[in-house]
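In the two complexes below, chain A is the common chain; its partner is chain B in one and chain C in the other.
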Partner chain A sequence: MKSGFLQIALGIITSIGGFLEVGSIATAAQAGASFRYGLIWAIVLGTLCLVFLIEMSGRLSAVSKHTIADAVRERFGFDFAVWPRLAELLVNYLVLGAEIGGVCLGLKVLTGIDARWWAVPVALILWFALWVGTLDIIENATSILGLLTIGFVVAAVKMHPDWIPLARGAVAPVFPPHDQSGQYWFTAVSILGATISPYMFYFYSSGAVEDGWGEKDLGSNRITAIVGMSFGALMSIAVLVVSAQVFNPLGIDLKRYEQIALVLTPALHKWGWPIFGISLAVCCFGAAVEISLASAYSIAQTFGWNWGEDEKPAQRARFSLTYTILIFLSIIPLLLGVDPLKQTIFSMALTAIVLPLAILPFVLLLNDETFVGTHRNGPIGNFVVTFTIFMACIVALVTIPLEIVGGG
Partner chain B sequence: MPPTHATRLVADILDKQLVKGEEKLGKVDGLVVVLREGKPPRVAYIECGTAVVARRLGRWCERFVLALNRRFGVRDKPRFRIPWSKVKGIDINVEVELDEHPLLAWEEWLSKHVVGRIPFAK
Partner chain C sequence: MRTVVALALLLAACGTKPPEAELEKKTVASWEATLALARDAYQRGDVPKHIVRNVAEAATEEISKDAKGHEAARALAAAHDLAEQAR
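Let's look at the complex of A and B:
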């Protein structure tokens, strides 16, 4: 049985991998540059929903000993479960490509070597880490390396933001001039899409089952969800604030990652550039780990295969082969020269479209006595998850036309 | 007299994880119920295999899976029946007692021919 600290490590890696990743960095930086503090509320709102959903994933797994993918198949049948799985597999494929692209861009910032050259080595390192590593090693290494992203918080504080407008932006929308409202809402939607990523739930609940959580872990599950996700939110807000301080006064509209990379330089000087590069690479690597495993977990669990990151690959042949194939296929767009930032924004939009389908089962499962016994959702939990589904549907409806016309 | 522990076949058994000891064998992909004249129906088999789940999506999907299996399969038919008498327990999982079964044929084939040949797999 693992200690509370290690459990929280699962929360922090879930957070680093799922929260502060290529999508959040890009959307938060864009939001800060274009709208100063006006979109912090979107990060806060997304995080609030995410805390509840992550807590529910952990609670479902701790009480029922089922992962979400298991529970969805058992409760709704194969005929239902197969569709969200297929949709998520497609989305995960694109998001994984975007995250590997993010690692490559981080390495490009550090070395100056073009991102495409990094695709194959990064895919190999990622695959190797999963192939030989155990969940503990991966969790802890990513958690510790992920602490580097505190650099964003340091930079944000050093830039002396105006705390009162910042706090105001955190609790309510600060509307931009009318001609920018389209882009404002599109950015808000992207932030929500980048914040609430379905693969986080599959990863977290599989980790909980693999680590053997039980009912006595419900307390630390709650703390993990709150602390881990708040950590991610804090980093995300820090990216937004730094970007607001640096780019907003100059009226710079971020179009390329190279521009975003300059964000830490005014506060951290010569350290700004490398810390940005390392942070981007580590966060995206964490996300890539999480997406690869989450995809393999959910496929294996849907078909009832042996699964588990702590066993040797030969004993979990189908599971290990699933992430292997996914990782190496996912770098194809990058090798073909697709722009990682474009792929990121496209895949965030797709995530938003799949989201309602992915979280709909939560309402039923978390109120089903056969799964959660006496630990059913309270009225607040049910309200939040229903609200999230409602919001996700709107996000999906808004995203599709915006995606067709080419985004904000 | 109705049984005290009513088991709902579709809700409680179908789609559950099938295990033999620590080994995950697959899911309860289908249930075979035998209708008997003058007697109540009897659950005869648990059905497992890709063809069984494919059938649940439609005949086209089943045909597709069977065609794939004929071309690439490592076992005769992606469909296997476990007699109900082999079911030892039902809790979170459905525990079965089987001596020989082809349910892990793919797992073993991939382990031997593909995954096992990659370094650090064992």
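Let's look at the complex of A and C:
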């Protein structure tokens, strides 16, 4: 059983790995460069929804001792559970490829060696860490290294942003000229897809069950959800603000990671590029850990296999095989020369499409006394989930048309 | 459900693509600004050679793919010069 402090570490790694990753860095940087502070509201809105959903994932696991995938299978049956999980697995495959691509790009920034050369070594290191590591070791290492991302906040403050327009951008959309509206809304959808990632719920709820959370942990679960996700949101907003300060006045439209690598240089000078490279590599590695585990968790739990990162691989062979296959297949696009930034943006938009499938069960499970007893959702929680499902449906429907007009 | 679909279509209809020539001009201007940013940082000693080379290579690939004409040729020459400086 973990102490409250270590429990919050789970929230921080969930936020570093799930929040600040290749998708949120890319979408936030693009948003800042193209629309200055005009899309901060999308990060804020996504984070608010995410805080509630993460808290609910932890509450469900702490009270019922079920993970989300377990509970969905038990409550709705295997036939209902299996298809959404397989659709999410497909999306996770692309997102994992993008994250491994992000680690490789971080290493390219640090060494100058082409990203493709790093794909196989990074996949091997990731697989090895999951094979021999425990959840505690992975959580703590990523949490500590991930603190380097504070460099983005330092840079944002050093760049002297305009605080009033920034605050305005955080509370309401700032509409661009008509010919940019397609790109604006596509970027907003990608930010929401990068922020509310379904794999985070499976990772968080499975981690809570593995760590043996109970009803007494509900208070720290709430703090973890708020602190962890707010930390991630702060970093993401910092990326957007620095990008808005550096690229927007110069009219730079971000198409490649090589451009984004310059983002910290005007503020942090010689420290800019190594901090960017390490942050990108660490955050994406954290995300790759989370996606690999979350995919294996959700598939193993849906099919009723043994699972658990803290068990020996031989004791949960099919669980380990799932992440092994996923990791090595996911590097194929990178090895074939697919542009990592394009794969990232495309996979974030696809994440938005599968979002309603992932969130829908929350309404029923978190109001079902057989799972959560007296700890059911209150009216605010139900409103937020209903709103998120409504928003997710709109986002899912507009993603493909917006990709055609604005995804370029 | 009908309301959701209507809202979705309305939102999607908000987007139109700017004309091709304007996009090309914007792409070239964006890469010229990126090259200038990288060159200035390199001259100040803030970034190493390989970062500058990465930017110059990316600029060459993207401009060759997306743009033609005098402005594109000028930007390609600037990328080539920067790559040479960082050798």
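The rule is short, and it goes like this: the second predicted complex is superposed on the first by the 403 of 408 C-alpha atoms of A that agree within 3 Å, B and C clash if a C-alpha of one lies under 4 Å from a C-alpha of the other, contacts with A are read in each partner's own complex, and residues count from 1 in each chain.
Please note the rule applied: a residue touches a chain if its C-beta (ideal position, glycine included) is under 8 Å from a C-beta of that chain, and two chains touch if they have at least 3 such contacts.
Keep in mind that what you see is a predicted model, and the values were worked out from it rather than measured.
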Three-chain arrangement built on chain A, chain B and chain C clash or fit: fit
First (chain B), second (chain C), both or neither touched by A:342: neither
Contacts of A:259 with chain B and chain C, given as first, second, both or neither: second
Following superposition on chain A: angle at chain A, chain B versus chain C, Cα, nearest 10°: 140
Residues of chain A touched, compared between chain B and chain C (which is higher): C
Which of chain B and chain C A:320 touches, first, second, both or neither: first
First (chain B), second (chain C), both or neither touched by A:312: first
Which of chain B and chain C A:304 touches, first, second, both or neither: first
Touched partner set for A:112, first chain B, second chain C, both or neither: second
Superposition-derived minimum Cα distance between chain C and chain B (Å): 27
Contact set on chain A toward chain B in their complex: 64-66, 70, 73-74, 77-79, 81-82, 131-132, 303-307, 312-315, 317-318, 320-321, 370
Chain A residues within the chain C interface of the complex: 108-109, 111-112, 178-186, 246, 250-253, 255-256, 258-259, 261-262, 265-266, 269-270, 272-273, 390, 393-394, 397-398, 401-402, 405-406
Partner chain A, residues of chain B touching it in the complex: 10-12, 14-18, 23-27, 29, 53, 56-57, 92, 106-108, 110-111, 114-116, 118, 120-122
Footprint of chain A on chain C - complex, ascending: 4-5, 7-9, 11-12, 14-18, 26-27, 29-30, 33-34, 36-38, 41, 44-51, 53-55, 57-58, 62
